Amino acid sequence: MPEIGVIIGSDSDLPRISECFNILEKFGVNFEIVISSAHRTPDKTKEWVRSAKERGISVIIAAAGGAAHLPGVVAAYTVLPVIGVPIETNIAGGLDSILSIIQMPSGIPVAAMPSGKAGGGNAALFALSILALNNEEYSLKLAGYRENMADNIDAKNKDLNAKGYMKYINDLKGKE
Amino acid sequence: MPEIGVIIGSDSDLPRISECFNILEKFGVNFEIVISSAHRTPDKTKEWVRSAKERGISVIIAAAGGAAHLPGVVAAYTVLPVIGVPIETNIAGGLDSILSIIQMPSGIPVAAMPSGKAGGGNAALFALSILALNNEEYSLKLAGYRENMADNIDAKNKDLNAKGYMKYINDLKGKE
Amino acid sequence: MPEIGVIIGSDSDLPRISECFNILEKFGVNFEIVISSAHRTPDKTKEWVRSAKERGISVIIAAAGGAAHLPGVVAAYTVLPVIGVPIETNIAGGLDSILSIIQMPSGIPVAAMPSGKAGGGNAALFALSILALNNEEYSLKLAGYRENMADNIDAKNKDLNAKGYMKYINDLKGKE
Amino acid sequence: MPEIGVIIGSDSDLPRISECFNILEKFGVNFEIVISSAHRTPDKTKEWVRSAKERGISVIIAAAGGAAHLPGVVAAYTVLPVIGVPIETNIAGGLDSILSIIQMPSGIPVAAMPSGKAGGGNAALFALSILALNNEEYSLKLAGYRENMADNIDAKNKDLNAKGYMKYINDLKGKE
Amino acid sequence: MPEIGVIIGSDSDLPRISECFNILEKFGVNFEIVISSAHRTPDKTKEWVRSAKERGISVIIAAAGGAAHLPGVVAAYTVLPVIGVPIETNIAGGLDSILSIIQMPSGIPVAAMPSGKAGGGNAALFALSILALNNEEYSLKLAGYRENMADNIDAKNKDLNAKGYMKYINDLKGKE
Amino acid sequence: MPEIGVIIGSDSDLPRISECFNILEKFGVNFEIVISSAHRTPDKTKEWVRSAKERGISVIIAAAGGAAHLPGVVAAYTVLPVIGVPIETNIAGGLDSILSIIQMPSGIPVAAMPSGKAGGGNAALFALSILALNNEEYSLKLAGYRENMADNIDAKNKDLNAKGYMKYINDLKGKE
Amino acid sequence: MPEIGVIIGSDSDLPRISECFNILEKFGVNFEIVISSAHRTPDKTKEWVRSAKERGISVIIAAAGGAAHLPGVVAAYTVLPVIGVPIETNIAGGLDSILSIIQMPSGIPVAAMPSGKAGGGNAALFALSILALNNEEYSLKLAGYRENMADNIDAKNKDLNAKGYMKYINDLKGKE
Amino acid sequence: MPEIGVIIGSDSDLPRISECFNILEKFGVNFEIVISSAHRTPDKTKEWVRSAKERGISVIIAAAGGAAHLPGVVAAYTVLPVIGVPIETNIAGGLDSILSIIQMPSGIPVAAMPSGKAGGGNAALFALSILALNNEEYSLKLAGYRENMADNIDAKNKDLNAKGYMKYINDLKGKE
């Protein structure tokens, strides 16, 4: 049974939030993904949201760009925590998506994540931080994930000190 | 039977679009007003939109501010023309409302009107321009409305020429 | 006789709104396209707009970028419904075009569409939603268009479920 | 023992998020409030966050304006869910606060709420939606809260229908 | 015979650019003011612009807010220098007006002035800097105007030094 | 003797405003170009501006990007008309350059042109519209330039009508 | 002999940065204030900056709004550290001032401070942090200033705990 | 012993500020670089900052993008001068980074540098302008650096005059 449900309005957004799925996999969480638009398939969206809880879902992640109504529309149909991920656009890089997701009216909360590359992964981690409140394993894994990030930075510092900044920068450019 | 349906997400937006009602009254159009939120009463909103056509409604005007999902949510449930009016907010005076209403995804159009004072009235006039395509009376009234605006400007020019700009400006300030 | 008139200020905008023409063709609507600028050929623009109704045109679509005065200038010369399409620019991806088209003054409405890829197609669909008020065929086609979009999403979900998200994302990237 | 911890960088922000406290009280949740700045009292902030879990806190709400680093700084010290509330400012009404809170880097999630009046209340409701995953009472209260909002809108519609829009608007203006 | 023509779209903009008239008066320039909208009275606007040169006008000042098409529309009908003054609005204080006036397309220039209080006066001074190219008297007056501004600042420095900043600030506050 | 002086803060801006030079050449105007920065060579800038009039210069064009102080600094040293061209940047495509050039304080006017491709050419045309007030040849050439633009659009319409929009768009894409 | 020089373009900005003077006084630093504009008194500005070092000045604070060229123009004439304070304006609360001050070109640095109330005081504190590098007394006073801020927050927390949030908020409102 | 400490939140920012290191090398300043995040390694960041002074560091340069809390978090732990460099992002080219760094609260100053290419180098030069207050060698080198920039511009002007603008622009394009 899925613990987390991910809904996206267009399949073209799938690659933009792929880090979300990578992290959920890594933590060993069951999740489901559905493509359903707030505007093009409103009834399907409603139905999916309304039945989410009974399918075992505790947290919903909704990604959308532009007018980006999907997270808000999802939140209208459930009191489960809804996390919104703004997809980048051409309007200042996604300012439209950000404002459409964050500026929800009083009474219907949506948790807005960063636009851009950090969005999908942070949505997964935030969902896990919720599940971790009642799941010691996830809680330990989250702590481990953070330690890992710190270790990673330590390793980079060692590399930087060993190589000097000029070689380090050149190597970085080479990797691009 | 109403020809135009006006939907607003919060009664506090009513006074912000009152010019809409003034113009509809002036043109002698039947209209109905409903308060129904995209988020707080999604089912009521859906039901109202889905039944709009059979109640005689040809054009829908939807006003909303902030995340401003209402016009898009309305458009998801009907192929009638939907006109969106962005309500002013504190975010750059309503940039959030404007972007949330105008940046609709491919396939589900919403006609975005100005934010601020011009929004409500222009929504009414645009709705009338649609109805006028099959209603000679409205068409004539629209032409008359424009002539009236022009006459009004003529009168102001005469007043300005007669008074001189200094007195004219002082009188304007006095009226505020 | 054309039912819809499309006016653009520069021929370089033609490819940006080509989805507009695709949809109008698909619906079997007669339309005409004219290149005429608000600033470079103001008299030609005026003349084209003033004679639009007698040429059979019911709805005008005007696309422009930057200062983007064309839709407003068109609306000044007619009480037919005018739909404005903001062309993308370098200023925050088209914020200048959006604001110049949406913030029309009281009394002269323009229906603003999304900037970017969704703009042209949504303008066509919105124009069709107006014509459909008195044309059952268009009305049915609009409903069919929506069903088609929904079916499309269903098919994608089936594909996603069958393949799994990793293969789906890889296939998407391959198609780019 | 508090279930929710609220941290603000400046006591002047207290009245801006008072709806947060009203809702938490109404739901009968234990919560604690601390004034502690990311910049002026970084050690106190760290200590408060690091000890939050053992004090019984499951969810942290952090409000800040301008550079608005507090929610991110809090999230750096805990894997508990952190909710950020952007306080309004003079920069486009709080665009600085919004961007500083929402654009967190990969790996350290913060759940961004709306700026302005909706922020405090939605933070409380979102925190409750998290706690409700393991608290049937909160879950029922959240459902009740939503029903209440819907009933409220119903009542307003009745009032509007009874009075007509002109009187309704006048009465609204009188209440201001 | 007027040397400068000032056109505004709405009489409510008159007080916003009154410094324009004060400066023109002070320099002893003949000017005319007309209220004529790009949208509400397009024909009158065209006619006024087209006949401007033969009425003796060398420079045109056009003020407008929001979509702010007036300066561009004026420039479409003349090769005289056109100066555009953006009127402040609620959208970020006039960002819509600024972008609509400054982002003119290739081939039709408009000289954009500041929005806000500086706009009207700077438009007058810029117009005078043009006329001064062939009018020694204006040229001398412009030099005198600048000296005057410098003297004014000198006097304020003396006052500040004499009083000290605390008393100076208090006196300033008293004058408000 | 040059009639127009063009000043740029960095030689990397030269290609961005090359249309300026093309137009000045085409009109047969004498002009000079200097690279001089408001910040890196302030004394040289001052000297060049202060001596401009006696070198025969009537109008100054100053291009700059980012903080873009150059046009304002130039205007501080002369009462000749100063035209500012904002160079595109990464900040929303040049919003920093636009605001730094347009928002000049009371008393020191700068005529702001569009950012982007239209900027350089429009600066040249605006400068010519000033010179044309006392130069019948330039005045005729400006009128001719406009006619040419209109003819160009006529030719494109003929081409579009002959080819149909699909072929026209394909041909456009081929030319890119 | 003054250690710090403060330059403002307009005396109306004096009250906006008064916290700057309060802090400098409190720390017992000698400072001088001059009103001198980048545009209205460019020569005076240059002279004041060029002679600053020999008058004993080590750090310059320059405040300006709108086009806000003053800090950059000052920096063009000295290699002393220059601190820029953006004054609030109507354009998104001062976005024009911020961008004009922060986006300096390569080679001429200006240290940009916050717009709004924090600007003046932070400029003073930053200047002091520079002087403190060679002045143990200032260094201790800066440490003391920070402790004081922390103590202040402690006192507020005690007050908040004693009173409860409702009374605290009411008392805050009373003080406004 | 290092005089300047450079801290970055992510090694991917290293190449973006490499001009910083080039300039510090050129001036012969000792500096250290550390990768440490405000969010991923908050304790390491704190420790590095708290011990900076005793390691000989006088000035700290902190670069960050997006939420960009690092410079502010650094400033919370020291009264040494802290210089913040906003890294470019997709949000309007780095408006999020700029606002998060510049809008620091009262009492904790951060000196904000330009985003983009100028940021790293200007941070180095500003740091040097601070050190130069007590280091005549740096002071002379700064003066020399400026002279060099001016000479460079002189050489370009000579080249431009010799070649003419057309060849100069072509050569520039060739170098890209």
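To keep things simple, chains are lettered A, B, C, D, E, F, G and H as they appear, and every chain counts its residues starting from 1.
Simple rule for what comes next: a residue touches a chain if its C-beta (ideal position, glycine included) is under 8 Å from a C-beta of that chain, and two chains touch if they have at least 3 such contacts.
All values reported here derive from a predicted model rather than from experimental measurement.
Participant: Spell out the chains that contact chain A while also contacting chain D.
Facilitator: Common neighbours, chain A/chain D: B, H.
Participant: How many angstrom lie between the centres of chain G and chain H, each centre taken as the mean Cα position?
Facilitator: So the centre of chain G lies 20 Å away from the centre of chain H.
Participant: Using mean CA coordinates as chain centres, what's the chain E-chain H distance in Å?
Facilitator: The mean C-alpha positions of chain E and chain H differ by 40 Å.
Participant: Centroid from C-alpha atoms only, then distance chain C to chain G, rounded to Å. What do you get?
Facilitator: Distance between chain centres, rounded to whole Å: 50 Å.
Participant: Quick check: how many Å separate the C-alpha centres of chain A and chain H?
Facilitator: Result: the chain centres lie 32 Å from each other.
Participant: I need the residues of chain H touching at least two other chains; which ones are they?
Facilitator: Touching at least two other chains: 37, 40, 66-67, 89, 91-93, 95, 98-99, 102-105, 107-108, 114-116, 118, 146, 149.
Participant: Which pairs of chains touch each other in this structure?
Facilitator: A-B, A-C, A-D, A-H, B-C, B-D, B-E, C-E, C-F, D-G, D-H, E-F, E-G, F-G, F-H, G-H
Participant: Quick check: in the complex, which residue numbers of chain B touch chain D?
Facilitator: 11-12, 14-15, 18, 21, 33-37, 40-41, 44, 66-67, 89-93, 95
Participant: For a test of understanding, state which residues of chain D touch chain B in their complex under the given definition.
Facilitator: Contact set of chain D toward chain B: 88, 92-95, 98, 114-116, 118, 146, 149-150, 153, 156-157, 160, 165-166, 168-169, 172-173.
Participant: Enumerate the contact residues on chain D facing chain H in the complex.
Facilitator: Residues 9-10, 37-40, 42, 46, 66-69, 72-73, 75-77, 89, 91, 95-96, 99-105, 107-108 of chain D touch chain H in their complex.
Participant: Would you mind writing out the residues of chain D in touch with chain A in their complex?
Facilitator: Result: residues 19, 58, 79-81, 83, 86, 98-99, 102-118, 121-123, 125-126, 129-130, 132-134, 139, 142-143, 145-146, 149 of chain D touch chain A.
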